[in-house]
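A, B, C, D and E label the chains in the order they appear, each numbered from 1.
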């Protein structure tokens, strides 16, 4: 049932895309039609699969690292008053720095291998996770904090047993955003310099005006994003069963 | 007091930066020291101000549009069951599409003027706002919904008077992220095509190896991000006075 | 034992890099006792920085950029030449209204920021009796051909004659190129190899250049086999566009990669100084050498 | 709605009959074949041990849970109950972002009704009568537990519904305030069909026309006690005190 | 802590004295120069109109509000009170993500104490005695209001604190359960210094050694009523009933 709905969704989107191309008469090198892309997808299946594997592993490692680091930073921010003052501005600035300014530094320190790409993906994922969790940690029900205080809980214990679980819904929200932006993080990482990955393939295809291949790669990337988002959403809702939730991403009919 | 703390923070960060450059012996063309950047900042003040003005207006308009569109989308997602199924995957995909693939399309439709940059900034801001608010809307206290139901509220009225206010803290969280990523959105927009703005200036400086100018522009961009984040944070907390908040960004001593 | 050598390309692998790729694929480097790794960055401005920082031995760069970078104090020297003519050109639609550089007056010119497009265009415009003030420059980043094909700009500067022209032809909108060296800009080497100034007596470098020279000659003598070697394992490089670009690039490879025309560099330095891109024209031997 | 067409906001009295009610949580029936009739224009009180299912039954009548077959809930006039029930839940469910006055007037706002000066006056009057004069502008967070409960009571009373369901409406009030508010409720709810859950036998006997005890597992509702006289009876009414023994016996069941 | 060094978890009795207590909300004093002494090893009951400041006073003793000078809160043994107070708030404050058992054992978890089988047995025993056998594994969301309150009670009783503050601990319970739990509390709290806020005069007279009424604005605490006999007194104890009139008179002010 859900699979069927997904297929219908896909079909409608493809038709809309086709109609758009057809109606606006956009040239192939600006926006190829779905048929051309499907053709490119099929012709380059092997190539795409190979580059997709690279990108996927970057995404997954980046997501894991970003979530870990983000969680750690948010906890640090929430628990150490000093950290808040010093780290937060730094964090915010980190989001405003375009990759090409950092690229030589990253390459110098991490080389041209996987590490620099993962670092970029991590950086992209890091911020939404950190702010979302930090925001959640800021907003613990005061009654619970009072309770913990009278029970003689240390700050660390309150954080771990009360504030953190209470902020998990906010963290989940951040992770959902992170899951959706993780693919672009990996692709940006590949701009730092690489010889494989979907980002590499896309830049390449773009420069060579192989626009149908570019869109085929985009399609794969989009599929990753949706799959990752849906998986994360399902997982998170399973992990937080006590949460009220009126609309799930994969709701039943 | 707060100003002084901000200045101290800045001073310490600059010292740390200086120490990093000094200790690692990084060459000037990879990471210039703060003194070189300060010098460039001062020498190019006029140039920077002029480009910064462009970027700032893009950021502000993009932020306003992104927040508006994101709020509207989240409300649509939360209220119309169909929208959830169709729009959510589309939204997620939109986050995974690297800008250069969209650039020709955007430019074709919006031209090389301000519009395409604002569109990019909007696109970057849109998603965190949408998911954060949507997540908030999903999590309304069920008792309030029951109350609204017995009071004979329509779905729209419940959304407007109960679910939306209850989700404002989540929206605030999204807007905070948006404020921090807005500058990079504008800069990405400027890469797509432009003849002014900090992003343009940075590309130029990068190509001409004027690394100190590049970092001076980065510095301005970072300052924008921090200022925007702090302003948004202060504004949001003023707008949501009923929220528990243990750590404000600009907390008093 | 093989000596490891890291070479940073200026961009993703493309036919401009044929001699390097072929030398690697055909084992010429190995024959010279070198284990060469070719690394492709996404930003052409990074490789010179990284070589200057000692992260790699060699980088593929451009003569004008080198002269600007040296002016900014980067410790770099040219040690070899890959493509010994300019590739950069000003391109318009063949059937468009712009028949000569003069016709650009009041029009939009797209460019992908390389750092000296304005200098190039300025010189070309001045020869035609115009100036930079008569056109609007728009950064279109990596979308040179699409921006001109879709009519967003009337011309692009920074288009490679071996590439963008073919691209446009394939899209059935052939372009017309104005060549800088015919429009008032001194000739220069488009693609060169740069090394760190402190490393000019690295014994691996002459061996490397010898292998590159061998590859250039091999490409000239055996174009079919060379092309097969070039596309081996890179199927995305074996399409119509890349095949055409391959053919157009072949005659432009320097037949003598190690050779240096110092007068040409001096001439171009004067040009750059006149356009305000460098403060002073350094002596050529400060940044370009012939290895012994 | 009935409430609208009658003058002076007095709704037409209507009886409510719950028949063959059945409700299961995780397989085990909470109640089965339970029936209860609410006489028109009378106050029916419901007592019973904690956890027996009183709140669940109220929610069922309020239309807040899906009816498990063969449950039926019917109004005496044959029309649907929806839109004619006011429900005061066990928690106060005040909206933290609204002032006390706005919380009281929430129903009108949710139904998009004009906020007439008469309505506002009525709300102010009610707030005064529940003992909160001058607190109309405060946020709920500044109220004590009992004050919050009184605001919730005012919110329920201001609704002109023919059927009123109240779940322990006076549980957080001191004895004196409680007596006063019992009288207020009896006065304002005269002519309406009321089901009031309480744990206080005296309270039930004071203001109930009919007093039922719910007990057992699966739970059933016992026959009504009908204290003589017109509520609100005096706290030291002899009949009330006499019946208290019988009621306590039933409760001890 | 005292509780640790005494055998069998019986803490040494300690008196608590509140003197010259002063608390202002927004300029207006809620109470001023208020004093109250909690006798060691006795149950002191506090009654008073809703909103008079009972909860505020409890929070002050629990150390949850900053003391406004010249307020002093001192223990009879001269040692600080912090860490020796158990506080049962007016809201149940159960953590939704923990099972009932884990909520009961929250204090031990927060203090990082080992969860000994003896402790778990004690928690199970308490849950059984508050009438929730077999519910140890449930989430709080599956409990009725009264059941939640009983879990909070068990959580307070399992803490071995010499001073116990309880804010309307039985307000959501039916008469029968309430009597049973009053007895349970009286039994388990024997030897501890207890301050119990309640709205039920009979309850106060049944289980209190001392019964105070708080009233007025700024509020003061009146002299103690001392019902004769040893609590828990029988509900129909003649002395209790005799004193009820006096207490009600004091409450009516």
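Keep this in mind: contacts are C-beta pairs under 8 Å (C-beta built on N, C-alpha and C of every residue); 3 or more make two chains touch, one makes a residue touch a chain.
All figures in this text were calculated on a predicted structure; none of them were measured in a lab.
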item	value
Given subunit A and subunit E, the chains that contact each of them	none
Contact-graph distance - origin subunit A, target subunit D	2
Top chain pair, ranked by number of contacting C-beta pairs	A-B
Subunit B and subunit E, separation of their C-alpha mean positions in angstrom	49
Averaged-CA centre spacing for the pair subunit C and subunit B, given as whole angstrom	37
Subunit A-subunit B separation of Cα centroids, rounded to whole Å	16
For subunit E, residues contacting two or more additional chains	91
Residues of subunit C whose C-beta touches two or more other chains	43, 45, 49, 53, 142-143, 146, 150
Subunit A: positions in contact with at least two other chains	29-30, 100, 104, 108, 141, 203, 206
Inter-chain touch pairs (all)	A-B, A-C, A-E, B-C, B-D, D-E
Touching residues on subunit D, where the partner in the complex is subunit B	59, 62-64, 83, 85-87, 89, 91, 93, 95-97, 106-107, 109-112, 139, 141, 159
Touching residues on subunit A, where the partner in the complex is subunit B	5, 9, 12-13, 26, 29-31, 77-78, 81, 84-86, 88-93, 95-98, 100-101, 104-105, 108, 127-128, 131-132, 135-142, 145, 169-170, 172-173, 176-177, 180-181, 183-184, 187-188, 199, 202-203, 206, 214-215, 218, 221-222, 224-226, 229, 243-247, 249, 251
List of subunit C residues in touch with subunit A within their complex	11-14, 39-43, 45-46, 49-50, 53, 55, 142-143, 145-146, 149-150, 167, 170-171, 235-236, 239, 241-242
Residues of subunit C defined as touching subunit B within the complex	43, 45, 48-49, 52-53, 65, 68-69, 72-74, 108, 110, 113-116, 136-143, 146-147, 150, 152-153, 277
Parts of subunit B lying in touch with subunit D, wherever the complex brings them together	141, 143-144, 146-154, 157-158, 161-162, 165-166, 168, 240-242
